[in-house]
Amino acid sequence: MRRSVNALNRRSRKAGLPPGSLIHTGEAAGTATINVRKYDPQGVRTLPAFSGQTGEKLPDPQSHCVTWYQVQGVNDATLIEALGRKFKLHPLLLEDVMSTDQRPKVEDYGDHLFIVLRALHFESGKGLRQKQVALVLGRDYLISFEEGPAEGNFNGVIARLVEGRARLLQEGSDYLAYSLLDSVVDHYFLVLENISDEMESLEDRVLRGKEDLLSSIHALKRELITLRKSIWPLREALVFLDRQHSDLIDADLSVFFRDIYDHTIHIVDTIESFRDMLSGLLDVHLSTISARLNQVMKLLTVITTIFMPLTLITGIYGMNFDWMPLLHNSFGFAAAMGGMFLITIGMVFFFRKKGWL
Amino acid sequence: MRRSVNALNRRSRKAGLPPGSLIHTGEAAGTATINVRKYDPQGVRTLPAFSGQTGEKLPDPQSHCVTWYQVQGVNDATLIEALGRKFKLHPLLLEDVMSTDQRPKVEDYGDHLFIVLRALHFESGKGLRQKQVALVLGRDYLISFEEGPAEGNFNGVIARLVEGRARLLQEGSDYLAYSLLDSVVDHYFLVLENISDEMESLEDRVLRGKEDLLSSIHALKRELITLRKSIWPLREALVFLDRQHSDLIDADLSVFFRDIYDHTIHIVDTIESFRDMLSGLLDVHLSTISARLNQVMKLLTVITTIFMPLTLITGIYGMNFDWMPLLHNSFGFAAAMGGMFLITIGMVFFFRKKGWL
Amino acid sequence: MRRSVNALNRRSRKAGLPPGSLIHTGEAAGTATINVRKYDPQGVRTLPAFSGQTGEKLPDPQSHCVTWYQVQGVNDATLIEALGRKFKLHPLLLEDVMSTDQRPKVEDYGDHLFIVLRALHFESGKGLRQKQVALVLGRDYLISFEEGPAEGNFNGVIARLVEGRARLLQEGSDYLAYSLLDSVVDHYFLVLENISDEMESLEDRVLRGKEDLLSSIHALKRELITLRKSIWPLREALVFLDRQHSDLIDADLSVFFRDIYDHTIHIVDTIESFRDMLSGLLDVHLSTISARLNQVMKLLTVITTIFMPLTLITGIYGMNFDWMPLLHNSFGFAAAMGGMFLITIGMVFFFRKKGWL
Amino acid sequence: MRRSVNALNRRSRKAGLPPGSLIHTGEAAGTATINVRKYDPQGVRTLPAFSGQTGEKLPDPQSHCVTWYQVQGVNDATLIEALGRKFKLHPLLLEDVMSTDQRPKVEDYGDHLFIVLRALHFESGKGLRQKQVALVLGRDYLISFEEGPAEGNFNGVIARLVEGRARLLQEGSDYLAYSLLDSVVDHYFLVLENISDEMESLEDRVLRGKEDLLSSIHALKRELITLRKSIWPLREALVFLDRQHSDLIDADLSVFFRDIYDHTIHIVDTIESFRDMLSGLLDVHLSTISARLNQVMKLLTVITTIFMPLTLITGIYGMNFDWMPLLHNSFGFAAAMGGMFLITIGMVFFFRKKGWL
Amino acid sequence: MRRSVNALNRRSRKAGLPPGSLIHTGEAAGTATINVRKYDPQGVRTLPAFSGQTGEKLPDPQSHCVTWYQVQGVNDATLIEALGRKFKLHPLLLEDVMSTDQRPKVEDYGDHLFIVLRALHFESGKGLRQKQVALVLGRDYLISFEEGPAEGNFNGVIARLVEGRARLLQEGSDYLAYSLLDSVVDHYFLVLENISDEMESLEDRVLRGKEDLLSSIHALKRELITLRKSIWPLREALVFLDRQHSDLIDADLSVFFRDIYDHTIHIVDTIESFRDMLSGLLDVHLSTISARLNQVMKLLTVITTIFMPLTLITGIYGMNFDWMPLLHNSFGFAAAMGGMFLITIGMVFFFRKKGWL
């Protein structure tokens, strides 16, 4: 939640400003850099990285090849504005790129498509982390915006480009967009796997019933809520993309985008199952607590039930009547102790039969 | 709830009256004032504020500039009726303006659009407060109705007008309407941020598990219910606006209204997440209460289990048998005390091993 | 529930009868009477009330004025059948009029519209009461059926007619239908207000935490369920009316019907909020019960923990060993008592620190 | 559930068989019989009942009258197949007739409509029972299949036929189909009434709070789940029928089918309300159990709190110190007893004030 | 869950690879084999089984007969790729075949349809097991992919082919696809039956109220969640198939596919009912635990209430006052014992009347 608060916090700083105001709402990150790669079926050419001040000097996209502008870090308003001027991007689009708590969505601006989604990472000990990824898909170019410095979301794609894998080089910018989306969505499975591991270990511990795991269950539940909130809207966005039939995306590629859609549905289904299982786990846990209370109460009852009659017998022989049976008999004490012993044995036997001991 | 009751209360006073009856259902507020501003790309002209009795003398809108009538306070039926006559507003529209517990909605009256929404403010200590904001968007004019005296919803917009920020002056009344809506919706993020803070502090206190926080959780839950009820219908209203394709709103602006829609969805999502988290918090809290009961019962059991055997021993040596072992031995008492001491040590050791102490 | 059961009971008497059988399923009520009013822009003329046997002699509607037949009481099959013959009403329509547990609905029979809804009243002490109201809207006439004798649902409308309020007299039968619907729906706000009051007082009592309020909460919950069941379908019915574009309703009036629709949505929203709050209240109440159990257990533990050591001391000094320290000392008793006093003080101090006393 | 299991059990015997395999999955019932009735506006002619072996000799439908084949018992595959050949019914239709655990549905086979629904009966002590009813509606004929021997679902319709009630004789096979459907749906109200009675008595007993009613609540809940499962799909099926505009059903009759639809919605609404109320009842019941635990704990605490101080006093005067106050005083015992009596009085007074006694 | 984790685990290995990468994500299985069967109305011809290395030599489909390629085992990428080349299958289709945790779906690739679903088996002791089944339906051929070695999903269909059952031989590949789908869906009823048995036995044990069944309830709940996740999407997929009107499926067969759809809905309904009943069972179980706690507390209270007064009496007569009544009387002890006996009798009588013993 802490992150979500901070994002809201920064967002609220914008209240009162004109729409399209470029204020970075994410966490402060290192300076932004832009890697430019140009490729055609012959091969890929990587240009030296650009940083903020040189934003204006970015090469233009060309019609005979695909140009990929990979922007890492979105906290440099000057750079973002320069990009906006160069590619004629709508001020609200730029605002969305810099406000890094956007809901996943797809917007069609006619000569370019705008896609926002959330890249997820699960670091053990640190829990779930999210970064915003935004793509601007034009005719011959693609601009990708990553919230922070490289987390390696796109490393697989870059590797395939460099290795000159046939398909990627032969297709246009739409296939590149698909590859990047696919790469982000594939990472969701890694996150789900981590959560699944965590849940399994939690389940084992709950069923063992020793610890108080409620805050762990609560933490996991919160993670699932966040996860769902990040992924669920992507589903609608992809449906929108499918219905839009933008001519920026080749008809042949729709089966690929449909595949990402299927993955997203699969992931959302799995999250729902996890939530159902987690709520089942909570029931088990709460009932375990009740069962433990039952155990404690049973012990108390056993102790009380065994000792009270014994104490009563000692009380009886502690009375000061002149005459009481066996009082002056030399084996009186032994008889009393024996009686008490028999009562104890009987009680223990009774409770064992009842399954309380 | 108290507010909601009052609103209903006043509303029910209207039962039996003809439709379109102008009775103010909100809280009594100071006298209504109307600020009129006229602007075109050259600049803005602010007219002296009008109050109730001078309502008829309001300047007419002109086709070469945008005229913004900012009505503050809606409890003056005479003034509202004067406005209604001047701009040919439907009696039901006027009724809605004065009944300040409307559900957010958009209505298309052909030559003007009617937009109602709720402005939210979070005052620390006082909790969530709402005011109704209504906009009547005509060709060259915009009338804004605010329930109470200025809360500063529109201060940012006014400032931009006065400073002569280019875009706002160059666009028509539709862009002004958008700016006002955007300004109200941006305030929602502030409210969410406050609630998020409150929730976080509540969460910390719940996990510490000392206090009885149920009424605080309940209060927060009620706030979220109210918030959701105020914002949720805005979503539909904006969808309606988008589908209506009213020619009062320039096609170029639809991306802006779509942006407000996205914000609304984002806010509703966040509220839903908050409700889920809150219900998780409630579970944690209830389980903490159970755990505390377990603690109490364990202490009782420990006390009983330690003292009962000791008391039994004293009872045994309190019996009046003529002969009991060690009775007349000089270290008998020490032996008994020693035995009791050993039993105590053993018990404490046992319970510590069980984790009860 | 009792009422709902009775209604079902009577309804089931109809199983096996041919469709369109006219059997009154509501509570027996006084004899039915019909008030006829004719009006045009010049004024209103009220005819003497008709009762059952004179049903056939009802005046015909005329094209130059609006005729309103206000039927009060629907348990007279002869009268209803006579009306059915006169206005060519479908047998199923007549059956619905007499079966007074209909779901709110709108049906279009071509030359007349049939509207059923439920009028609600909240009588303090008696709780929620419902009556069925049915309207048959024809070209120049309107027939209103009220389940029981006058509850005053329509008194406001009658008053306006008699006072000669301009609009009502100048419009056709469709505006009269709207006015009657509006009058019934406006009464819902009164009911909500009463429930809101009850809920608020319940909430105060729950938070004070003294009484067992579960059955009160349950009763209120049941009332909300009934309320929702009565109002919810009205929403669909009004949407149907809006989509139908029946030429019996003037296009200019659609904004008025839309207004009733908005009120209905508002009411349903409020009922949902009430249900959410009530379930929150239930949680608070149940947790209060748990908290009270905690209190009881704490007291028991405190009592046990204080007295057990004291009793042990008396037990020790009640042992019959020949030698025990201080036994024959003259201030031995005082020392023992002092020790016990100190233990008590210590315990009280300890529990007060723990916040248990 | 037992029944549902059996049905599944038998159904699973079919796994691996070719589709359209005629295996009866319901309970074994007596031999199937077919009653044939022919009617036109002049009157009805009832043919002698046919049984299985004579299935082939069934009279053909004729175009100048309506022929109703009432099949009672569907466990005779030979007979069903003979019918299938005669009326050219699809193998899957025949399979559905014999598999008596179908979901209610309507299927349009062009020259005949296939309607499946469930007839419900509530026998006191035996609970809810269901039978499958299937109708095949052709141009001039109607075949009705009832799972078991006559339960009297259609007795009302038969009686009206025999009595020569005008409408039924004058209309075609579609009106007969409507009458049979209406008759089955009208029985649902009887079932709801029985459940409502049971719920009311349960509610009374829960509020009295003496018995353990959880298994009764559970049983009723299960009945509502089954009921809902049987009726809910009928709603869709009727919507499908309405949209299909099959020319087998006269347009004039659509208002009648719409009426059945309304009844179905009403019943489903009522079931939902019952489920809501039942879950409320469960809350009340669980809280009653908690309250009883509170009572027990209070009694234990009262007993302990009263007797512990008394026992302490006797312990003090049982100590063997040489000197203790009042020990040798002749009214010492009386004083001790008096003190104990006063303490008891005080405690009783204290607990009564606290409302625990 | 363990399986689901493994699947995710393997899936995540694919993150970073290009789309369409053929990596088997299911459990390792024996070598893949392909059984080829060709049939026309004259009869069926079974070819010798092919295994991986001979994949290229598979016979081509022919237009005058139906060729069924039954692939068992999908972990041989070479074989799958060979098939892909032969039948021009899309890389993503091949990827889906090998990734054996697909959501059920139907995809239309123009000249072939791709259908994925999950075959379910319930092995007693081992619980629910799932295998992925994929079908590629072409004009004259059908390729079926089964995840593991034969589980006998299709044995019924094969038997019918071999026995030369008329219909199957006379129809095309579309009817074969239907038969295989039907065979898989029919197995679901077997699984439901097993779960129903398990639930019934669980219910009996819960109502007997002896054991702690929470983990059993939790396990069953998890099974239902998994089951629902596997079957629910099949519903949409079949709707899609119905709407697609692919010319690969004969219009006459749509009633058959509709039948499978009905079965799927029926199964999903039943799963929902099971979940509702299971949650009811959980309530009963939790309340049984509470009731047992009540029992324990009552016993403790009874024991305490009986013994405390007796102990007090012995305490009184253990006091060392010089004079106490009956002390020196010879039947004093008998009187004390008698009094104690009477008190015990009275208490037992009292608690029996209260129903605690």
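Annotations
As written, the chain order gives the labels A, B, C, D and E, with residue 1 at the start of each chain.
Please note the rule applied: contacts are C-beta pairs under 8 Å (C-beta built on N, C-alpha and C of every residue); 3 or more make two chains touch, one makes a residue touch a chain.
Here the structure is a predicted model, which means the values were calculated and not measured.
Following the contact convention of this document, no chain is adjacent to both chain B and chain C. Fitting chain B to chain D on CA positions gives a rotation angle of 145°, reported to the nearest 5. A separation of 43 Å divides the Cα centre of chain A from that of chain C. Distance from the chain A centre to the chain E centre is 26 Å, each centre being the mean of its Cα atoms. Annotation for chain B: residues touching 2 or more other chains are 290, 293, 297, 300, 304, 311, 315, 318-320, 324.
The residues of chain B lying in touch with chain A in their complex are 155-156, 159-160, 165, 167-168, 178-179, 182-183, 186-187, 189-190, 192-193, 196-197, 199-200, 203, 207, 255-256, 258-259, 262, 265-266, 269-270, 273, 276-277, 280-281, 283-284, 287-288, 290-291, 293-294, 297-298, 300-301, 304-305, 308-309, 311-312, 315-316, 318-325. Touching chain B in their complex are the following residues of chain A: 1-2, 4-5, 8-9, 11-12, 14-19, 90, 92, 101-103, 105, 107, 109, 212, 214-215, 218, 221-222, 225-226, 229, 233, 282, 285-286, 289-290, 292-293, 296-297, 299-300, 303-304, 307, 310-311, 314-315, 317-320, 324, 326-330, 332-333, 336-337.
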